[in-house]
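Pasting the structures in now, so scroll down.
Heads up, the next two complexes both have subunit A, just with different partners, subunit B and then subunit C.
Let's turn to the complex of A and B:
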């Protein structure tokens, strides 16, 4: 049995849900990462250690295991929880760890003399961050940031296993109903490809534009 | 303490077995992916325009779709063609296909990092193209690629958890089974996490050792 047009429609809806899940966790993950990154540069050793531990644990375990852990643990503490909530929480934690490392790399790319220059000019700390370091870090980190965004779209597919209905679960359902494996997976691949490739291209274009203006790392 | 010991005695071997599955799946797939990635890289490098374009298309498609798709493609798709492989093989092949694409890109990045003047230098020394590649270019590509390859090995190790979706009893599947069988909420997953973290840590140490062994860069 071949897949029908209505199956195609269902899949595009599922794809938009995948994108929505990814975007929501990108937004929340970025916010959390902005809180985490300063910890990596905190004067207290314990804060830096906690940061490193968080990154190691979140990056060292598979997203699927994190998802199962959080899904079951939240269910145990708060009773039944929607897989969507659990899914967004998992993706947020995962992306926060990746984003925080991206931002940390960006801050490390700022040469020390620049900090000293700002200080010798008498700029207050907040202005240094807002007017000098912030914009530079944003430029440095944009390409890897968008790279992680691509990973967010792909990681959302893992949530299908904790019964979040998105593109991968929808595809699997249609495959199990129609056995039209190749066509369904081809459509799913095209939909994922469009979402990821768009982000990737956007990243390349921005990278080229920012480099042309003299913001490539080595030129500073 | 006693209940932990009882728990360990009851399920310890199950975990070790599952961990062995995860590890051997990861190691075998990584070796195969290295070979597949190298093949793709050579095709990309020395093939004609159309070969290079096909490799590019392959790499882009697999890099921009989730791993679950090739896993499902092989697990659900191959039986329709009369190819009946065990689930672990299906999953392993899917991981190889995807990671080969990434590894091809890693090698390409390592190749691009090599300064172009070396070609002139090799020519003026009278090295044959193949000798130049084997003795000068290839070692540099490999060394440039070590950190990224280590990273990719970690990603591959973590991706083996997705094979639980196609009934392979590796660490994640085993802990899910134990959760359901024992009625404990999440402890089995924590145990699995410790196993994964240990393996990831070992991989990071290995990468560092590999890097340190080529300090001549």
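Let's turn to the complex of A and C:
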């Protein structure tokens, strides 16, 4: 039995849920990463150690395992938890680790003489962060940041393992019902591709806008 | 005005500064010369505390900068706020212009007065425009560094340092990274500043320029000032054999 038009409709709905999960986790993960990255540069050894530990654990674990672990752990200690909440938590932690490392790389890429300039101008720490480090890191890290965003959309498929109804789980349901394996998988692949492509386009436009504001800079 | 006493600095086992003493009077221009690796750039960075030093004292108008001595004889760095305030009394210009690439010339020059000295926006902007005009870049205020030539970038960097109204200007080989035909425009800016009586310490390899503008020249070797004197004495009648050799080589 071939998949029908209404199956396609169901899949687009599932896809938009995938996208929603990814976007929510990207937003929360970015926020968490912005809190984490400063730890890596903190003057206290304990803060730097905590940072490394977090990265080590989260990055060193397969997302699939992380999803199962957090879902069952939360369920055991907290009582019933919605798989959607657990899913967003899992993706947020995973993305935060990746984003934090991307941002850390951006901070390291700031040439030392620019730090010297900030110091000799007597800028307070907050101004250095807002006026210099922030804008520079944003420009340096936009491409790898978008890379992780695209990964986030695809990583959301893993959440099907904890019964989050998103594109991958929906596709499997339709396959089980219709046995139209290849067509359903092809449609799912196309939907994933479209979502990733949209993020890629959006990012490219952002890059061009930043470049127009002085950052084509070093490449002119 | 500036009193430097017994500055010592080592990078690990390598001693870079071995007890530097140097006084700079109000409005005086002192050039530091010497072979690369002799410590002249490090000395300049220590004066602005971009580099910490192991021993010694730097005073500006009688105020001890950067460190304070505890009663136990130990020394402590000043608080970040005090350090920032003290740094603002000096301006430094580097060899590689080091402008902020994401800011226009105007924003680069505004940054210090606006956020370091906390002037109101319009006041800071007015001051920045004045200083850009002073270095001959009134028509390039809205250009980004990448749109400017090396000479223009270095002039923006000078304006950025001057906009803080520093008592002393530190110049670290500011023409070394420039194409030969761009050197003159930067030297002209500095030459004009000598009329205004701002004190300067410049590290340079441009001996002719040092002779022209410096009141005194100091020759550094092995982390010490081996000889110091007027430009004419130092360059025409050098006594130190190392200096004689150095001058022969670069001529």
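What we mean here is this: the second predicted complex is superposed on the first by the 200 of 220 C-alpha atoms of A that agree within 3 Å, B and C clash if a C-alpha of one lies under 4 Å from a C-alpha of the other, contacts with A are read in each partner's own complex, and residues count from 1 in each chain.
Just so it is clear, contacts are C-beta pairs under 8 Å (C-beta built on N, C-alpha and C of every residue); 3 or more make two chains touch, one makes a residue touch a chain.
All figures in this text were calculated on a predicted structure; none of them were measured in a lab.
In the superposed model, A:122 makes contact with subunit C only, not with subunit B.
Of the two partner chains, subunit C is the only one touched by A:131; subunit B is not.
Touch counts on subunit A: comparing subunit C and subunit B, the chain ahead is B. Once the two complexes are laid over each other on the shared chain, residue contacts for A:113 go to subunit C alone; subunit B is not touched. Of the two partner chains placed by superposition, only subunit B is touched by A:192; subunit C is not.
Here subunit A touches subunit B in the complex through residues 56-57, 59-65, 68-69, 72-73, 75-76, 150, 153-158, 160-161, 168, 171-172, 175, 179, 181-182, 185, 188-189, 192-193, 196-197, 200, going by the rule given at the top. Only residues 45, 48-50, 80-81, 83-85, 87-88, 90-92, 94, 96, 98, 100-104, 111-112, 115-117, 144-147, 160-161, 164 of subunit C touch subunit A when the two sit together in their complex.
Looking at the complex, you find that subunit B touches subunit A at residues 60-61, 63-69, 72-73, 76-77, 80, 154, 158-162, 164-165, 171-172, 175-176, 179, 185-186, 189-190, 192-193, 196-197, 200-201. Of all residues in subunit A, only 111, 113-114, 116-117, 119-125, 127, 131-132, 135-136, 139, 213-218, 220 touch subunit C in the complex they form.
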